[in-house]
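A, B, C, D, E and F label the chains in the order they appear, each numbered from 1.
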């Protein structure tokens, strides 16, 4: 992220802080959205015979979220090994 | 907490806007998904009854799914996950 | 959208108004883009034997747009039933 | 209409920029789609003649499609849609 | 892009310049990302028997990037023929 | 070059933030892709050993792929591409 030197005009660092907070939030939202779409594809019957999730779908969803979270962790570790951390 | 009042307001506004944008995107994605899964016949301009039923079930199912994922996701974010 | 109280510094409400206008426009653009991609997938022959849309494709497109619009309305009603309106 | 001149200019600038961003995205999506539909052989670096023809027809077809959808979409936005 | 008249308040043209630079960068990033995803789909074996790219995959990737670039050029020419250039 | 110092800083900040956003998106897309390609069994909450191996190879392969594409893309941007 570089560049947080000291004698800048005051407004700049503040902009940067707001920008980073927005970037961080966007990242989490995107993670959640991809996880949601992916687990729907993997677990939910697309014939839509009813509007409830049945028991099999519900437990598939729980496990899918858990596994997605673990995969996220593994990939995160690999990426942060190669690069400077955020 | 040490933030001036003006910055707190601005941060809250930003969060509101990101959430609004996010729900609108989710809405768009549900429409696309349920259309794709339920509508395949283009011999008429209007929806057939069973297409309509399919769309409603699809959207409801997706919303329930999304809420369940949200709960599980929040648990994991708080490190409250249990083993197997 | 919460928070449009009265004794804020004047700039904030204006920022908010511009932000909401941008969000609204982005929503419409995304709706149009998804509709366009989806109806192309449903209606257009991908062998590309010619560069014109034939009559069958054209009427399929018209009906597809109409049906997508109706689906958008149904889902919108369902969502706004559960939540506070925009 | 009651907006100060400065805000009108800013709004117009914002709309210009969103439209520019949108056309560039559309351009990127046409390239990806037509590449996917037309190019499948990677024994050479250059495009074969029939791949080139396919890409041009695909892009032209997509543009015509997009214009037609735009017209229908505008009609629906104005509530001018007719029945079946 | 219209509207860069002369007697505007000074801040507006500067905002516009920053906005255009950001739009241009986002375009290049999106082009790169789509190209990367597409060529991975076309060239890389998804069974992941090893973590190296083999020789066949590598030369497929090089040719895929080259062809994607050419397709980008063709479509760009077609679009700019119909519309005012950026 | 003629830009005032303040604008240069602002431009650099903007580039930093777009790059940060872009790497996070790339990260999210690798996770989704490798999950999709490697995980298909949902009888347990934890990853099986061969799923884990698959995910790691997938991510590594994607990163190497992405770096190679980056190099070729840069060459083309500089007009340094050779024929066939």
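Everything that follows uses one rule, which is that a contact is a pair of C-beta atoms (placed from the backbone, for glycine too) under 8 Å apart; a residue touches a chain by one contact, two chains touch by 3 or more.
The UniProt protein names, listed by chain, are A, C, E = Mitochondrial import inner membrane translocase subunit.
Model, not experiment: these values are computed from the prediction.
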Identify the chain pair with more contacting C-beta pairs: C-D or A-F. A-F
If you take the mean of the Cα atoms for each chain, which one ends up farthest from subunit C? F
At the largest C-alpha centroid distance from subunit E we find chain B
I'd like the Å distance between the centres of subunit A and subunit B, where a centre is the mean of that chain's Cα atoms. 14
Averaging over Cα atoms per chain, report the distance between subunit B and subunit D in Å. 26
Rounded Å distance between subunit C and subunit F, as computed from the means of their C-alpha atoms: 29
Among subunit D residues, those touching two or more other chains are 10, 25, 29, 38, 44-46, 56, 60
So subunit A residues touching two or more other chains come to 26, 43, 62, 66
Within the complex, which stretch of subunit E touches subunit D? 1-3, 8-9, 12, 15-16, 19-20, 23, 26-27, 30-31, 34, 38, 42-43, 59-60, 62-64, 66-68, 70-72, 74-76, 78-79, 82, 86
Any idea which subunit F residues touch subunit A in the complex? 6, 9-10, 12-13, 16-17, 20-21, 24-25, 27-32, 34-36, 38-40, 42-47, 51-52, 55-56, 59-60, 63
Would you tell me which residues of subunit B are touching subunit A in their complex? 7, 10-11, 14-15, 18, 22, 25-26, 29, 33, 37-38, 54, 56-58, 60-62, 64-66, 68-70, 72-73, 76, 81
Spell out the part of subunit E that touches subunit F in their complex, as residue ranges. 14, 18, 21-22, 25-26, 29, 32-33, 35-37, 39-40, 43-44, 46, 48-53, 57-58, 61-62, 65-66, 69
